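Accompanying notes for the structure given below.
Labels for the chains are A, B, C, D, E and F, by order of writing; each one numbers its residues from 1.
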Amino acid sequence: MATFIDFLNTLGLLHLTVGNVIMILVGLTLVYLAIRYEMEPLLLLPIGITAVLVNLPLSGIANWPVAVNLPENVSDSIFKTIAYMSDHYGEPGLFDLIYYLLVKTEVVPLLIFFGLGAMTDFGPMIADPKTALLGAAAQIGVFVAMLTALALGFNLHQAASIGIIGGADGPTTIYLTTKLAPEILAATAVAAYSYMSLVPLIQPPIIKALTTPEERKIRMEQLRPVSKREKILFPVITMIVIGLLVPSAAPLIGMLMIGNLFRESGVVERLSKAAQEELMNIVTIFLGLGVGSTMRAESFLTAQTLMILGLGVVAFASATAGGVLFGKLMMKISGGRINPMIGAAGVSAVPMSARVVQRIASEEDPGNFILMHAMGPNVAGVIGTAVVAGVFLALLG
Amino acid sequence: MDVTQVIEGGWITVIGVTVVFTILGILALVLYFVGWLERRLVEREKPAAQPTATPSPAAEVKEEKPSIPPRDLAVITAAILAYTAEKASQLRPLPFRRKVSDSWRLYGLQTQMEDVEDFNYEIGKW
Amino acid sequence: MATFIDFLNTLGLLHLTVGNVIMILVGLTLVYLAIRYEMEPLLLLPIGITAVLVNLPLSGIANWPVAVNLPENVSDSIFKTIAYMSDHYGEPGLFDLIYYLLVKTEVVPLLIFFGLGAMTDFGPMIADPKTALLGAAAQIGVFVAMLTALALGFNLHQAASIGIIGGADGPTTIYLTTKLAPEILAATAVAAYSYMSLVPLIQPPIIKALTTPEERKIRMEQLRPVSKREKILFPVITMIVIGLLVPSAAPLIGMLMIGNLFRESGVVERLSKAAQEELMNIVTIFLGLGVGSTMRAESFLTAQTLMILGLGVVAFASATAGGVLFGKLMMKISGGRINPMIGAAGVSAVPMSARVVQRIASEEDPGNFILMHAMGPNVAGVIGTAVVAGVFLALLG
Amino acid sequence: MDVTQVIEGGWITVIGVTVVFTILGILALVLYFVGWLERRLVEREKPAAQPTATPSPAAEVKEEKPSIPPRDLAVITAAILAYTAEKASQLRPLPFRRKVSDSWRLYGLQTQMEDVEDFNYEIGKW
Amino acid sequence: MDVTQVIEGGWITVIGVTVVFTILGILALVLYFVGWLERRLVEREKPAAQPTATPSPAAEVKEEKPSIPPRDLAVITAAILAYTAEKASQLRPLPFRRKVSDSWRLYGLQTQMEDVEDFNYEIGKW
Amino acid sequence: MATFIDFLNTLGLLHLTVGNVIMILVGLTLVYLAIRYEMEPLLLLPIGITAVLVNLPLSGIANWPVAVNLPENVSDSIFKTIAYMSDHYGEPGLFDLIYYLLVKTEVVPLLIFFGLGAMTDFGPMIADPKTALLGAAAQIGVFVAMLTALALGFNLHQAASIGIIGGADGPTTIYLTTKLAPEILAATAVAAYSYMSLVPLIQPPIIKALTTPEERKIRMEQLRPVSKREKILFPVITMIVIGLLVPSAAPLIGMLMIGNLFRESGVVERLSKAAQEELMNIVTIFLGLGVGSTMRAESFLTAQTLMILGLGVVAFASATAGGVLFGKLMMKISGGRINPMIGAAGVSAVPMSARVVQRIASEEDPGNFILMHAMGPNVAGVIGTAVVAGVFLALLG
C-alpha cells in the first residue's frame, strides 16, 4: 500500500506548474508554426517539441538548470562545471549531456559553421568584392538593437547577445549568447530563427519605403566569372586576414573557411559531403534538442523574453535599413550602377533575403535579374556578423 | 538603464562598426588584388584559352538552372553509361587514380565496388 | 635478455583463464548464430565478436569492470564514477569509454528509441485505438517473469530487469537494466535479442494452443484511413499524456515520439532520414560494441545467467499468452469481430510477431489478411513496455 | 527467495498492470476523440473533398505527389524491376527476411518504403 | 646517442623481427589449414558443384554480378531521365521553397546539386 | 577610449611570432601539396589548414599544449588530465576537445581501423598465405629506422614512434606515437602521410636496383578462389591468434577484424556501410583536425622534426628493400615461382604500393598481371605493422 502511495507521488501531473503549462503551449506553438507555415522547421520543430518534453515534471531528462551562478573557480572549466552540477543537481539526463557537453562547449555551433562553409558558394562575393561592404553595413542593425536593449535595462552582455540576433545567423547567435549570457539563450535562439523565417514579411516594406521605383529598377551588369583558383584562395585568405585582426572571431570564421576549403578544393569530396550531410544532419538534431531543452519556465517566462522578441524585430528591421541606405550611398558613388536593394541582403538569412530582393526587383521589372548580385552581400553578411561577434567577445568576453 | 553601460555600449558600437567595415573593406581589397592577379596569370598562361577559364554565366550560376538541358543530359548519360559499361567489362590498364564520378549512382550494383576502391586508393594506405 | 623475458610475460596465452575460454566460445556461438541463422545479426554479431575480443587477456581494450560497488557519493555522478574507475582500474580502453560514456549514460538506448520513432508508422494503432489495450495485455509476461525471478531468489532490481525481457524491446531492456542491475546487463541483453529472433518458433505453438481454428479464421474489417493531421497529433499527445502520468517513462517515450514527429511532420525529412540512417547506424554499432564488452567471465559465467536465459522464455511465452487471452476477451465483448491472435503481436518485436500472426492466419484461411490489424498491438507493445519500465524506475530506481 | 521482496513484487505487479492498462486505455480514448474530431473537421471543411482529405490507403503512406505521375513511374520502374526480379526470381515462401539489394537505388518511389521496412524488420524489434 | 638505449633497441629489434615473422607465419599456417579444410568440406558436400563455390577471379572481388547488364541499365535509365527531365524543365517562377521529391534518386547527375541547394535554402540562413 | 586600447591589445597581428609565421607557411604548403598534387588530400588538407588556424595568435581555438609534463598521478587518467589542463591553461577550445577527447584517447585511430577493416578485402592473402611473410619482412624498415633514430640521439620512445612510420599505416603511427611520444605526433603523422603519397616515387628505384629484369618478368600462377566461409573465418581467427600472442596489438587488430567481419559476414550490410562511410568520413574529419591542431611552433619547429622527415625516407626505403630481398629469398626457395617485386608491397600503403609493383611488372612485360599477388603482402603489411606496434607497446608502454 505504501508502494502505491509512493507511486502516486511520482505522478508528474501533481507537480505541473503554471509555468510548465505555458511553456508546453509555447513549445506546441513553435511546432505548429514549423509544420503549418514551414517556419524554419529544421530548428523550430526540434526546439518546440523538446520544450514540451522538458517541461513535463519529474521526467529526469533535463535536470540541470541552464544558467547558474557558479563559483569563480568552477566556471573556468567545463569539466569542473559538470562535476559541480552533478553534485548539486544529480545525475545528468540526456538533454543535460547534450546541452552541457555539445552546446555549451561550442562544439555544435562551430561544427554547424563548418558544414555551412562546405555548403556556401562565396563566388558572387569574390566576383564583386565591393558588395562585401554591404554585408558590413547590415551589421548596423546589431548595434542599434544592442543600444536599444541597453536603454531598456539589459546589461551589456545580454544586450550584445540580443543585438547579434540582427545578424540573422543562428549559430553565431547561439555561440555568442552561450558565452556571454546563457540565461537568455532560449529567447535569442528562438527569436533569431523565428524572424529569419519572417524575412519575406519584414523586409519588403522597409526596402520599398527607403527606395524609389527608379532605384529598384536599376539593372546591374553581369558578374564576372570566378576561377577555381580564386575560390580556393578565398577561404585561406579570409581565415588568415580575419584571424590576425579579430582573433576572437577566428573559431567561427576558421571553421566556416575550413568547410569552404573542403568544398572548393575538389580533392576531398567525401569529407565535404560528410560535412554537408551526415555530420550536419546529426549536429543539427543535437542543436535543436540542446536549445529546446533550455526552454524552462524559470528562465524563459519573463518580461525579458518578450522584450527580446520585440528587439529582434528592431534588429532585423534596422539591419535591413542599414544595408539599403549604404546601398544608396554606393549607388550614388558608382553613378547609379548599383541597385541599392541588394544592401538588404546583407542581413544574411542565406539565400532567403537575396530571393526577397530578387522578387521585389521582378515586380518592378520582370527582366531585372539581381539575385546573384544580392548573393554577394548575403554571404558577406555571414562574415560580418561573425566579426561583430568577435568584437563583442574581445571587449566583453 | 545604466548610463555607464550605455556609454560603454556607444564605444563598443563605434569600435564594432569601424572594425566590421575595415575588415570587410580589407577583404574586398585583397579579393580585387587576387582577381587582378588571376586575370594576369590567365592571360600569360594561355592567351587564347580564356573561354576555357571563363565558363558561361549560365554554368556559373549553377544553382538555378541545370548546366545541361536535362533531356540532353539523359541522352549523354546513356552514352556515357554505355561507354563506361563497355570499358568496365574489359581489363583496364590499371589507372593510378580513378575519379569518382556522379554517374556511379546510376550503375546499380557496380556502385559499392568502385566507390570503395577509389576510397581505398586514398584512404587505404593508412 | 631481461627484455625478452619481459616480453614473454606479456603473452596473453599465459594469462588465459577457463572463464575466458568459455566466454570466447559463447561469443563465437553468437557470431555463428548471427551469420548462419541470421539471428538478430545487427546486434548479436557485434555483441558476439566483441565478447571474443574483450576476453583475450591483457589487451587493455576493456579494463574496467562493468559492475562495481561504488562508494555512495561517487555513484551519484557519472563523471565521478569515471574518475574513480580511472584511479582504481587505470586508463580506460576504447570499450570502457563506449560503455561508460555512451551506454551507461543511456545516450545510446535513448538515441535508438529516437531512431525507432522515426522509423515506426503508428497508423494502424491510430486507426483502431482499442488494439492498444492488447499492447498492454502482453505486458503481463513482464510481471510473470519478474515474479518467477523473485521466486528463484533474484532481488527486486534484478527481477524487474529480467521481467522486462518479456517486453521484447531491446533498448528498453538495456535502459532499465543499466539503471537497476548493471551486473546482469549482458545476460538480459543477449536474452532479449536472442528470443526476439526466436519469436517465429516460440509464438506459434502458444497461439495455436490458446485459440480454436474458428477463432483463427476470424476476418477483420478494413482499417479506416488515417489523416496526416492525426499522425502528427499522435506523438505530441502521447508524449504529453504519458509524460504527465508516468514521468519516469518520459525519456524513452519522449525520444520515441520526437523521432516519430520528425517522421510524420513532413517538414524535416533530412533530420528524419538522419535519425533513421546515419545516426541510427552509428549508434547501433556502439550499442553492439558496448553491450558485447560487458560479457566478461566474472559476471556472465554464473548460474544466474542460465536462469535468466530460462526466464526469458517464460517472459516471451507468458507475454504471448497474455496478449492472446486478452484478445479472446475482446473478441467476446466485440461479438466476434476481433481475431484474438492479434493479441500475440502485443509483445512488440516489430514487425516480426505481426508477421507470425499473419502467417498463422494464412494457414487457416489464405484470404485472411490481418497483418495491419496485428500492427496495432505490435506498436502499442513498444509503448506499453516503456510504461512498465517507467513504473519499475518510479518504484525501484 | 525473500518473502518481503516477493510481496513487494506482488504490489508492483498490481500497480504496473493497472498503470499500463490505464495509460494505454487513456491513449485509446484520446485517439478515438481525435479521430472523431478529424472526421468532423474534414466534413465541415470540404464536404465534397473527402477523397482528397482521405487518400486511399495506398496513397496514404506518401503524402505528396511525386513529380512523375505514379502510373508512368510504375511502368518505367516495372521494366527495371522485371529485369532485376528475374535475377532474384527464386520465389521464397513468405520470406521472413528480405535481402536488401543494391538495385533499390533504381526503384524511385519504392525506395524509402522498402528500405525502411527492411531495416524495421531487423531493428524494429528492439 | 645513448649506448644503453641502442643496445636495448637492438634487443627490441631482435624480439620484434622474431615476433612479427612468427605471428604472420602462424597465421599463414592456420590459413593453409583452413583452406585445406574448406576444400575437403566442399568436395564432400557437393562433389559436382564446385563451379558454384569457386567464382571466377574477376567476380571474386565482388561476390555477385550486376543483375542488369550495364548497357541495358543505361537505356532504361535514359528513358527515366528523359521523362523526369521534361517534368523538371518547366521554368518555375522563383519558388520560395522547392519540395524535395523522391524522384531525385533517378536524376543521377542532377542529384547532388539540387539536394544541397534545397538544404541550403532551409539551413543556409543560419 | 580605454575600451579602444583594450581592443587594440586583442589584435592577433601584434602577437604573431616568427614561429607562427613559419608554421602558417608549413600549413599552407601542405594545403598546396594536397590540392595541387593530390598528395594524400583526405589527411594533408585538413591537417594543413588546421595548422594555419591554430597558429593565428589569441584565437582561443586551441589553448592547451600538446605535450606537457604531467604530474605522475594526473597522467594516469585522461579525465584528470583534462581537469589539470583546464586549471592550468583555461577553458578548452574546439581543437583541444578534439585532440584530448578523441585523438589522445585513441578513439579516432581505432575507429579508423574499424572502418579500414570494413573496407579491406583480405582475399588475396587468404588465397596465398605464404605472401603474409612478405608483409612481415617489410617491417624490417621499421627497425632500421628505429635504430637510426636511436643513433641520432632520439630516446627509445621517440625512436619507436619514428620507426613505425616505415609501416606506412597512418592510424598505427598515430596510435603508437600518441601513447609513446606525443611531443612528436605532428611530425610523425605528417611524415607518414606525406611519404605514403610519395610511394610511387620512392619505391621504383629501390625495386629496380634490387631485382634483375628476368626476376621482374616472373609471372605467377592465378590465385585460387576464396570461399565466403574462409573470408568469414579469417577475421575471427586472426583476432584470436594475434590477441593471444601479442595482446598489446589487440586493440588495433581487434577493431580491424571486427570491421572486416562486418564486411564479410554479409548479414549486417547497414553497419558495414556505416563503418565505411558515414562513421569513417566523420572520424576522418576529426583525425585531420585533431592532428593538424598539434602543429604548434614550439613542438614542431625543431631540428628533431627535420630529422624525423629524413628518417621517414629511411624507413620507407628500407621497408621496401626488406620486402624485396625477402621476396628474392622466397623466389629462390620456391624455384622461381614468386616474383620478388611483390615483397615491396609489404609496406602497406594499400593499394598504392601494389599498383606500383604492377606498373613496373607491366613495363617489363605488358602481359604480366601480379596485382592481386601483390595485394597479399600489401594487406599483410597492415597486420605486420600493428603487431610491431604491439611489441613496442609491450616493451616500452
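Operating definition for what follows: a contact is a pair of C-beta atoms (placed from the backbone, for glycine too) under 8 Å apart; a residue touches a chain by one contact, two chains touch by 3 or more.
Because the structure is predicted, anything quoted here is derived from the model rather than measured.
Visitor: Which two chains have the greatest number of C-beta pairs in contact?
Guide: C-D
Visitor: Any idea which chain sits dead centre by C-alpha averages?
Guide: Most central by this criterion: E.
Visitor: Half is the threshold here, strictly exceeded: which of C-E, A-D or E-F has more than half of its contact pairs identical to A-B by residue number?
Guide: E-F
Visitor: Can you name the chain that lies farthest from chain C, using the mean of each chain's Cα atoms as its centre?
Guide: That would be chain B.
Visitor: Measuring between Cα centroids, which chain is at the maximum distance from chain D?
Guide: If we average the C-alpha coordinates per chain, F ends up farthest from chain D.
Visitor: How many angstrom lie between the CA centroids of chain B and chain F, rounded to a whole number?
Guide: Centres of chain B and chain F (C-alpha means) sit 29 Å apart.
Visitor: Per the centroid of Cα atoms for each chain, what is the distance between chain D and chain F, given in Å?
Guide: Result: the chain centres lie 46 Å from each other.
Visitor: If you average the CA atoms of chain A and of chain C, how far apart do the two points sit, in angstrom?
Guide: Once rounded, the distance between the two centres reads 39 Å.
Visitor: Quick check: what residues of chain D touch more than one other chain, meaning two or more?
Guide: In chain D, 8, 12, 15, 19, 64, 103, 105-106, 119, 122 touch at least two other chains.
Visitor: Would you please write down the residue numbers of chain F that are in contact with two or more other chains?
Guide: Residues 3, 7, 38, 41-42, 79, 245-246, 270, 278, 284, 391, 395 of chain F touch two or more partner chains.
Visitor: Quick check: in the complex, which residue numbers of chain C touch chain E?
Guide: Spelled out, the residues of chain C in touch with chain E are 1, 3-4, 7, 269-270.
Visitor: Applying the document's contact rule, which stretches of chain A touch chain B when the two form their complex?
Guide: The contact residues of chain A facing chain B are 121, 123, 125-126, 129-130, 132-133, 135-137, 139-140, 142-143, 146-147, 150-153, 155-156, 159-160, 222-227, 229-230, 233-234, 237-238, 241-242, 245-246, 269-270, 371-372, 380, 383-384, 387-388, 391-392, 395-396.
Visitor: Under the touch definition given earlier, write down the residues of chain D that touch chain C in their complex.
Guide: Result: residues 1-2, 5-6, 8-10, 12-13, 15-17, 19-32, 34-35, 38, 41-42, 53-57, 60-61, 63-64, 94, 96-97, 116, 119-126 of chain D touch chain C.
Visitor: Could you please specify the touching residues of chain D with respect to chain A in the complex?
Guide: Counting only chain D, the residues touching chain A are 8, 11-12, 14-15, 19.
Visitor: Where on chain F is chain C touching in the complex?
Guide: 76-80, 105-107, 110, 232, 236, 239-240, 243-248, 250-251, 254-255, 257-258, 261-262, 265-268, 270-271, 273-275, 278-279, 391, 394-395
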